[in-house]
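Next come two complexes built around chain A: one with chain B, the other with chain C.
Moving on, here comes the complex of A and B:
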């Protein structure tokens, strides 16, 4: 139990550190870009230097960078995430909506991918068709997710099915196909590890059926698998940029591209805050879950 | 059978490299020769892979695209490997404060999704070949840093290094003769594997419109250009996708075979 708390506290400190550094890095990175907010927003207002200065003061862009950064951190903590320079809406609402969409996508994609992987692992265990399942996995990894999206589009066009742009279905299928390879490799190696353990030999000797044996091995593999998968889930939330763009799905990835294109700093920072917190939180959850699901880890302390 | 996989993958990669190298001699047309009277024609003897929306020969563009993709992928992996491994080995050798600082820097690079940094760099530097190379190497470097550090640290504890120290070998000798060679052996398969990751990254940048700007063809921007036409000419997108899939599969097989051979050495 003590270890659990130590883990949680450690996790929160880590979360805070990552949050501070990530936002700072992005804050400075964003300013290195050619084309500043004022120009993007109001066009060239160089002729009206005064007007420019008033706008800068209004948006708080006239103070030194580090002061802007500190006041930004303060505001985030009290829940004031600022207003999107471009859309004129509160950043929190804007980012949150996209976040929920992305969360849904990554969660369902992880579930479907895991289901497919368990099925594949089951088949390779009971039916001895390891060659086939390995082939499926290697085909899945040999093409990046975004390309699977394009391939799906071509396939749908050839099959004369209309493509549902903007809905979750296409990105979900794309991410599932692209994810199976990696997830299956993780699950398979964990199950193989389980199979070489003495307790499996014991179950075999008890005369359990193949499917019961598989369940036992799966039970052994799951804690590590979940830890590995949780982090990847975070990466999907942040990194399904191309998949979301292809199918026009309003998630975090597309938001990132749009915010960068319009130099919308408040939105960019809101994005960075949510993503860094999510990644760190998933990391902690992974550790804690492992503690809960795997009694041996607890006993180590 | 094992040698077959190794031989075949080396052959395919060499063939692709040769095609890319000799693009000027092999490509039947220039990659920017526009022929508006001959747009979107399906594959034919004159145009083996058909022509694109501007009447350019897809086969020629594909060969030049392979060249650009290699020009991007190979330096990015080399830079990432050298940077990551050298700094990682330095961190392992220096220990203490230097190690702490270097590790934290790479931790942050690890914590921020590499895609974000890559996109930031691309938007800041513009989508030139240099910009893309930098973006990809930044995405790959943290991985090499961790690997380089752990390999160097392990090597430094080996008895033969102790022995070398005992007979008065200089740190530079140890760095090159032992740590350097170990790094070379272990990182080569990883670098080959990362080459396929670099190609995948370029393709992904291409699809969101951040790869090399047209008319220069790259595998990524060809896909993004041609996916707009899948309703009229679905075969257009198939060509670059096939090349990418074949290249990535081959590189992964090669990396696999290489790492098996390195593993044999270490036993």
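Moving on, here comes the complex of A and C:
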């Protein structure tokens, strides 16, 4: 019991540390990068010394960097995320909307990818359409998501189909196609591993049908597969930048790029906060899932 | 059993390391993709307010600032027939960049002026007759010169803001003061070389009359007041946002034919026809701007009918679009693409001239721009009044080499800075690199994210050569870019004779003498070559065939006043 508490406290401290480091690193990186908000606001016109001063004071950018960061931490702990310099809206509202969009994209893309992967794995397990599955997997892995987006778009234009810009459909299809290759390979190797285990031979001897056998192998592969999938989920939530840009999907990736291009520091920090918390949460979820799904891990504890 | 996977070794990486690696990877990916898929726009400085002649109004475009002027009253659409003819079109436009500001006084890029230029109006407007630009009264009905440094202006009396309030001289006063105080471009336009305001006092005579008192005679006054960066907003709004940009869309209130109804950052801007507009109301009821940074996405969108109009079409797309039955509009552009040459680093004028001789502009325009550009033979677009065509630096490798040898500039290396915002600029850099190599100059290309590029060129002046393209609103404004110490003078060009000429132009009352001074200034600048003068980029716009009456201005601005379907 005591051990559990120690672990929880440790985990929490870890999370806090990660959060502080992430925000600090991102803020310093963004500030050290040449060009600032006011350069963006004024573009090429730079002689405006008093205009610059007025704005810097208003945005709090005139204080030393570490003070800006500490005051940000103070505010965020009481739930004040600040105001976007360009949109003038609370950062939380801006980021949250995008976050929900990205979460949705990430979740649905993971579901569809997994569904397709399982289908392909089943086909290969039953030794049907072997050539097709290998072909699909290798084409999918060899072309990156960004290019898949362009290919899809060109295909739709040639087919004279109107492209739903801004909706989730196109990014979803793109990410599914691009993801299938890698995850099918992972799933297949896990299933192959399962097949070499003695318990599968035992099940086979019991006379289980092919589909029942496949389910058993899948059950064996699941914990590892989920760990891998969760990692990709995190990446998509953090921003599927290229895909979002091509299809104009308002997700975290576009938010990050826009915030960076306009040096909208509060929004950039908002992105960092929510992403660091999400990735930490996903990691914990992964552990818990593994606890639940893999009896061997439970016994180890 | 634990909720945390901290106890059991290799199987699961530690939370901290895992997340940190994830963040860094995500951040780097994001950064990389931002560069790859960054804005397809162009380095553009300013775009002014605009208008084209409407059916009723018969403004003559030639008058170069007469001493007194009364614009003809627009006849109200009296006939019932005309009212019936008003269509309710929804026009969707694909834009390459997002708007950077909701505030006209902070507008900088093409997109800002495209959108906010429909919402706001300035005292004067820029008219376009297809070959020349002219500056004509906008919100001003008439004006009168009281003495050398005082002008009386009378406002139109039927102008209302989108909030229903009538336009008064008070609004004008506070808008101009705010523009000079906060707007980067406004300050450029309305302060003199020493940084002192040109307008020393705005005296309000009555509700619709006011007097501008100037510190000295200033001949480009009207053309500068035609720039949208001096646009008029209600006094309360100007005072509410006295220290910073407007941030709430409810406060985006102008007098223009459209009002802003919604803005979704990075996605779209929606404008709605303003029914209280003082001029002719357009047929377009809803004007939707969709932000599509990806060039192929814009082309796909216009072909598949997701949008009606797409801006920022690359010359190599034109044929493909036409074969799909899409109309491609072409207009001369004011954006002068050049390779700025740092005059502090390359002080010898012979070297700068040699660079001009070393580049074959004909071939660049024909091959690189597919003919959709005009070779620059002037320092500002020939669409501006008073621009003169100058003796071209005809491609001549021998002459270039000879000049370089005379100047002792042989076997030297130069860095060429480009912004990653426009893929076209990067390709152009490679073309320039090849040409300069053939005269013995090694060029190293350095690419930079756009904001960093601006800082490096215009603030730090830390470059040898840099590719960009200013889009001024008038010849005078274009010439002030090159004044000693001007903030847009990236290459730090400085010639006292040139500066003096600019001052003389501003104060010279005689039209004839002024034209002569303008010519002299342009000749000096051309000869001193603080840049490799390349070409004026044509503006290419794709539109679905059903859209009629669309007009395109040299500032890459759409005029939808006469659009019908």
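Note that the second predicted complex is superposed on the first by the 271 of 301 C-alpha atoms of A that agree within 3 Å, B and C clash if a C-alpha of one lies under 4 Å from a C-alpha of the other, contacts with A are read in each partner's own complex, and residues count from 1 in each chain.
In the analysis below, contacts are C-beta pairs under 8 Å (C-beta built on N, C-alpha and C of every residue); 3 or more make two chains touch, one makes a residue touch a chain.
The structure presented is a predicted model; accordingly, all values stated were derived computationally and were not measured.
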Joint occupancy of chain A by chain B and chain C, clash or fit: clash
Which superposed partner A:286 touches (first chain B, second chain C, both, neither): second
Touching partner for A:151 - first (chain B), second (chain C), both, neither: first
Partner chain(s) touched by A:22 [first = chain B, second = chain C, both, neither]: both
Partner chain(s) touched by A:231 [first = chain B, second = chain C, both, neither]: second
Touched partner set for A:246, first chain B, second chain C, both or neither: both
Which of chain B and chain C A:201 touches, first, second, both or neither: neither
Chain C versus chain B, contacts on chain A by residue: C
Touching partner for A:256 - first (chain B), second (chain C), both, neither: both
First, second, both or neither for A:141, with chain B first and chain C second: first
Clash with chain C (superposed arrangement) - responsible stretch of chain B out of 77-85, 149-157, 185-193 or 203-211: 203-211
Doubly contacted chain A residues - partners chain C and chain B: 18, 21-22, 25-26, 29, 33-34, 146, 150, 153-154, 157, 235, 238-239, 241-242, 245-246, 256-257, 260-261, 272, 275-276, 279-280
Complex contact set, residues of chain B against chain A: 108, 111-113, 115-117, 119-120, 123-124, 200-201, 203-204, 207-208, 223, 227, 230-231, 234, 237-238, 241, 244-245, 248-249, 252
In the complex, chain A residues that touch chain C: 3-4, 7-8, 10-11, 14-15, 17-18, 21-22, 25-26, 29, 33-36, 39-48, 51, 54-55, 58-59, 83, 86-89, 94, 146, 150, 153-154, 156-157, 160-166, 227, 231, 234-235, 238-239, 241-242, 245-248, 250, 253-258, 260-263, 272, 275-276, 279-280, 283-284, 286-288, 290-291, 297-298, 300-301
Residue ranges of chain C in contact with chain A within the complex: 1-8, 11-12, 14-16, 18-20, 22-27, 29-31, 33-34, 36-39, 43, 45, 98, 100-102, 106, 108-109, 181-182, 184-185, 187-188, 195, 243-248, 264-268, 290-294, 296-297, 299-301, 303-306, 448-452, 454-459, 470, 485-488, 490
Chain A residues within the chain B interface of the complex: 18, 21-22, 25-26, 29-30, 32-34, 138, 141-147, 149-151, 153-154, 157-158, 235, 238-239, 241-242, 245-246, 256-257, 260-261, 272, 275-276, 279-280
